[in-house]
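Presented sequentially are two complexes of chain A, the first with chain B as partner and the second with chain C.
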Partner chain A sequence: MSQPTAPEALGSLTDETPIDPNSKKAKAITGRSPMQIALGRLLRDKIAVICAIVILFFIIVAVFAPLINKMLGVNTDTVFPSQYLDMLGGGMPLEGPPNNGFDPDHPFGIAPQTADDNLAYWVEGCRTSLTIAALATLFASVLGIVIGLLAGFLGGMVDKVLSFFIDLFLTVPFLLAALTLAPILNERFNTADSYVTIQKFSLIGVLAVFGWMGMARLIRGEVLSLREREFVQAARVLGMPTSRVLIKELMPNLAAPIIISVSLMLPAFVAAEAGLAFLGIGVTSGASWGQTIAKAVKYFEQYSLYLWEPLIGVVLLVLSLNLLGDAIRDALDPKTRR
Partner chain B sequence: MFAYIVKRLISGFLVVTLVSMAVFALFWYGPSSPAKPICDREQGVRCIPERLVAYEKSLGYDNPIYTEYGKFVKGIFVGREIAFRTDVYQCDAPCLGLSYNTKQPVTHELVSRLPATISVAVGGAFLYLLLGVPIGVAAARRRGSVADKALVSSFLFLSSIPYYLFALLTWLYLTVLWEAPVVSDVGYFSPFSDGPLKWFGGLFLAWVALGIFGCTQYTRYTRGAMVEALSEDYIRTAKAKGLPARTVVYRHGLRAALVPVVTIFGIDFGSLLAGTIFTERIFEIQGIGYWSLQAVGNKDLPVVAATTLFSAVMLIFSNLIVDVVYSFLDPRVRLS
Partner chain C sequence: MKRNKPLALVAGAALITLAACGGGNGDDTEGTGTGTDKKFGAQEGGTKDETLQGPAEELEGATEGGTVTVYVAGDPGPNSLDPTDGWSVLGNSIQQALTHRSLTQYKRGEDGQPVLVPDLAVDLGQPNEDYTEWTFTIRDDATWEDGKPVTAEEVAWGIQRSLDAETFPAGPGAEYSKGYFAGGADYAGPYTDKGKAYDAISFDGQDVTIKMEKPFPDMDYWGAFMAMGPAPLGKASQPPNYGTDPLSNGPYKIEKWTPSEELILTKNDQWIAESDPARHQYVDEWIFKFDQDQAKVDQIMLSGNSDSQTAIATSIGSDKYEQANSELGERLVQQTSQCVSTLTPDYSKITDINVRKALAYAYPYQDVWLAGGEVPGVTRVPANSIMPPGMAGKVEDFQPDGEQITYNPEKAKELLAEAGEEGYQITMIFYEVDPLAVAVQKQITKGFESAGFKVKAIPVQVSPYDIWLNPDDKVNKTLNLRGVNWCSDWPAGSTMLPPLLSSDGVYNTAGFNEEAIDQEMEDIAAMPLEDQADAWGALDAKIMEEYFPIIPTAFRNDLFVFGEKIGNPSGDAALGAPNYKDFYVMQ
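For the complex of A and B:
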């Protein structure tokens, strides 16, 4: 998080004795890096703090999903579903919502027809959602950063070709790409044993392959202006190898655009995962909020809670990620106002 | 200008070619056998390896991929004949293949579903502007007031929710729970055979959902551009001349502020034409987006390929048109 023109570089030239960084005197005079300033601004933003707490809650649920389910005494394996259901009355649950109040064994109620425990599926769905979004963001960021850096820094023919590919991928609508790939991947792997894992990873792959362009464009633009700056030219004159110039000189200056892109990507991927599952082309085996929403639509009149649970999960997570992202953007660039 | 358009058309053509190759290659190398979905559909459990081979042979999947791609491209320009085992079907130009499901040329169905998608796109895009621009202008004129702040934050909130959930809730409450009159009969009805009222009622909710959600972006852009435009010197000049406030805002201010709005509008309209899958799915509109979704469910590979190509073409064209229109609107932009 350091700026290349940070004061410590000059500090070593002076013959003052180095100050213990933890002493009171040091604290009084140390400057704050731009990232620290941004963080300070962020912490003063009430909405950002609330959103961060909500997101933290979802992350904890996702990380400890199996543990939480065990603790609450629920699981995703349903034995003999018919014993819990009113099979003559449309497959509605016998105990708990919607007809019989609260059921302590299944705090969120159970699903009609299948008698799956809603809480267990909600917790697992949270895990699916965040895992897929986080991994897709990671891969898309790496792809975007590498391509953006190369295009911006090398320029010339490389830039032309890479920019063409950025435009090419922007031309193919993401949703249709996912639609095209879904049946093909299904057809290929639906007999494999690890189908659930393959499905998740192919989804992550699709999200990453069609999600890196924004990041690449932003990075390319930044690099185009950065590479003409004095410190980069100085590094080149000193004979620094290109890879080192990229990593040591350019990357620290790209921290802000990278953080901004990531903050845009995460909510988009969470929404995309749930949306694809809702359309029946994302995670079809295993738990996913979008899939539960799709199932719950036809029971909405009798059993609206079944729909609201996953829906609130998606909305709350996407909303807080988006609002936190906005706050981060404001904190990093105080000139832009919402 | 002309040279620029030609250049853009060539690069657009290149992109379409690449996309079509990618889609073709995906079908070729992706599934265990590209003929398996159709074999499964027609033969059921009796799709034994020998029959599968017969299908592959009749559909040309035993030839090298470039030969078949050549046939596919030729079909688009001059039409061709497609054989499903023993039955031979004629597919006229522009031929995008035959649906595995109905054995009908994909192009025919694409054309028959086009009115629904266009209706959704035109209505939705119209509402984007109708709601977004005036609200944005009003907010910019009252910048910093309580109403402005409330509007900006509520729109920020709205646009942070996934669109399909907003549309789903609109549909669930208005048609399923409250059964609102006229508009609860959702779907696409032909304005000619079913009457314009039924057409309007069927699409109304889809338009409103699209419009309200989409206009947030336009409000933000219009507001930002208007705030900037209203602080320009020529606005002060116009006011000093004694022009009425309305003329100053709409004639002088909005004109400058609309340029970025037109840009995003063109791109948005293109992507609406390319297929509004969620809207069509939720509001049961038999357009191109819903069709491609159903084709995925049916493993109707030619349909999926055709819709992907169609939307890529739509997006490329809308981008081109936006760039050209932009150069007319803003004389500072020189294209060539």
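For the complex of A and C:
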């Protein structure tokens, strides 16, 4: 038997007191910007939160590297290995792993051959890795955004020329360029006292110069579709200068793709830096995870901890950055519902 | 003779060695369990046996057949197989032992010492009174791989080719043929000086006669280089094509050669055992694999699988030394390479001997070896002078400063204070592409700085030799500390001291320049042969004591690994390489 709709029920709707637009409840519903909604989704994503914590840990390690080393009582100074290694017994450390227990002076153990402290090098390697990746990402994305905006919005000849450069840079093999550039820079600057800094910045330069094209293409595509929209047309008709249209009208609408591609660019650069260091280009003096991995590979059997430490560092950092990037993309995309 | 590995460019075939583990023929009863005690055997000067004739005596238990694979880690091998072009330890050790014969050759003696014996010549050559003319009688039963006999004319032609330094810039002829043969300095060789007559080398019947510019008593040793062997006449030996597939006359011929990758040698059935006093032809096929990854080679050799049983590795990673030493026993062979590593302070910039001595005391020897991936006391041993241990005439117990110089920063500080040069600025280069070289440089810098020096280390990405040997290089001009690794070409001081310390020496990176010493070197070369060895030894000691112009940091040794089915694992003391002439595969 069907129950007829009770008039009371209908009446109750109309009877409800209208929501006060200034109440807290109303704000919770109406006052959330798209970014806030995305952030809310992100916070509900457990993987994203864990990744963010891991990344935060690495960032803290990187920023406070010297302090952390000081606190733990380790340093990257060169020591004489003959005092710490078993010269006649295979060159393994006299104390600590792999043949002895935990050594409180060197929590991560010391390296074979050089007796360098692994923890100090790990912490400094984290700093190197994140500094280079962050700066390269910054430069590459600024370059990519500017070129993408200009190419997409101005169109015509400008678009053709800029697109040509995007294609041109895409054709140059990145690894080849890095390999060629290293000896040229060395030849030019090796007598300078600031060689180490120059080397670091040239690496950032190489990564940025060969890393901006993806971003530029993405932005250009977005701008091409956005510039035909009514609000942009209106802005142009009102006589807004191009720079204002670009920055005030277009940029806010590009926030989502930019955040996504930045969050995916960062892990790519971390991996690229480690890869180049492994190959012996890039950072050659100073600490770098890639370099430690290159040295540790042949000791995998006797002293696997030595290889695991930098490896876990790279893998954990890259994986976390990638997963967080994916989560941000999901959170920002209104079409996904998870 | 050079080594292609970065930082190990080296010149020299070596004589005299240690017999690593007794050097026996594989059946020493000594315990092989923990062979941790590798000691240098007693060493003597090289010996000669001019009467030895073929065939080489059979090795006990040797059997025919089998394929031997040789893994060469970190060295791309020779660029050309032309015998005239060969001056590297790796290329010469293979070709001289297996494919290319010359006037004389070395045989591994009873005690592991190399013995100079005849090869294509019936004896070790007949010099005249003052060693200015040598006559070699070529044997009539030696053959090429195509079955034709090797003639005296072909030998004379091969020797004449060695004078062409333009065509063979990497060949040893530029140093010795041009330096000693009559008119050699003015004759640019048969390819560059086309058609020009050169009459210092002549042949008559089976005799080849070479006239010398100045007395050359070591011609019989020089004859052991494959550059002093035959080449087919005329177009057949035209460089550079001949270098890709030279005609063999040894027990093996070249089946296939892929530069930097692989060299395959197969039996040469035209080789007559009776004509050759030292080579054997037990193995069916040789496969040389170049430019291998050391870690991979170590894994293969230590695995004991069927691949490794008939394999030889020409080196082993220091990280695997301990394991190899305890597991392999006699199959890990240690071989002196008759080489010395040195630091060379610029003689015109660091003029005070006390500063040079302070550098020697400030160099952290053990730490540098460890950081550089060497095994202290095994692949590197402390050095006292330039001539390597065991070289005839060397004053073995000589020490330039009373006792063995070791790392002693206090002493270095005193010496610096004495010279009034506290805080002396040292400028040097290091090869930053190699992490080992970077680690080594860190040790050196720390050592020097704790002894009161200031150090500026310039990273470079080309071979340091390219900079050290280029007088116009702008970086080189700023340096006051260089280095060189040098090996002897035969067991005589004349291949060690003049190249490093005469004022026009090719590898005199110190720029050492003392007229008195130059004169003394010339005087020794003119001495009666039997007095020369001692004179070189005395000069070696005198230079170190009075001038201390270069700092010998180490004498070098090599390690070879043999598979368990390789018969007679041993080293070739003459070249510092595996003794390819005497191997067989146990069936």
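Rule of thumb we're sticking to: the second predicted complex is superposed on the first by the 305 of 338 C-alpha atoms of A that agree within 3 Å, B and C clash if a C-alpha of one lies under 4 Å from a C-alpha of the other, contacts with A are read in each partner's own complex, and residues count from 1 in each chain.
To be clear about the criterion, contacts are C-beta pairs under 8 Å (C-beta built on N, C-alpha and C of every residue); 3 or more make two chains touch, one makes a residue touch a chain.
A quick note: this is a predicted structure, and the numbers were derived from the prediction, not measured.
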- Putting chain B and chain C onto chain A via the overlay, clash or fit? clash
- Task: Name the contact category of A:Ala182: first (chain B only), second (chain C only), both, or neither.
- Result: both
- Query: After lining up the shared chain so the two structures overlap, which partner does A:Gly280 touch, if you call chain B first and chain C second: first, second, both or neither?
  - Reply: both
- Now for A:Pro241: first (chain B), second (chain C), both, or neither, which partner does it touch? neither
- Query: Which of the two partners, first being chain B and second being chain C, lies in contact with A:Val297: first, second, both, or neither?
  - Reply: both
- Message: Comparing chain B against chain C, which has contacts with more of the residues in chain A?
- Response: B
- Query: Between chain B (first) and chain C (second), which does A:Gly73 come into contact with in this model arrangement: first, second, both, or neither?
  - Reply: neither
- Task: Report for A:Gly40: first if it touches chain B alone, second if chain C alone, otherwise both or neither.
- Result: neither
- Which of the stretches 9-17, 45-53 or 261-269 of chain B runs into chain C once the two complexes are superposed on chain A? 45-53
- On chain A, the footprints of chain B and chain C overlap at residues 182-183, 186-187, 280-281, 297
- Query: What residues on chain B touch chain A, complex-wise?
  - Reply: 11, 15, 18-19, 23, 26-27, 30-32, 36-37, 152-153, 156-157, 160-162, 164-165, 168-169, 172, 176-177, 271, 274-275, 277-278, 281, 292-293, 296-297, 299, 301, 304-305, 307-308, 311-312, 315-316, 319
- Task: Would you tell me which residues of chain C are touching chain A in their complex?
- Result: 36, 294-295, 317-319, 321-323, 364, 366-367, 370-373, 375-377, 432-436, 438-439, 442-443, 445-447, 458-462, 475, 478
- Over in the complex, which chain A residues touch chain C? Could you list them? 78-82, 85, 87-91, 112-114, 182-183, 186-187, 190-191, 195, 280-281, 284-285, 291, 294-295, 297-299, 302
- Residues of chain A touching chain B in the complex: 164, 167-168, 171-173, 175-177, 179-188, 267, 271, 274-275, 278-281, 293, 297, 300-301, 307, 311, 314-315, 318-319, 322-323, 326, 338
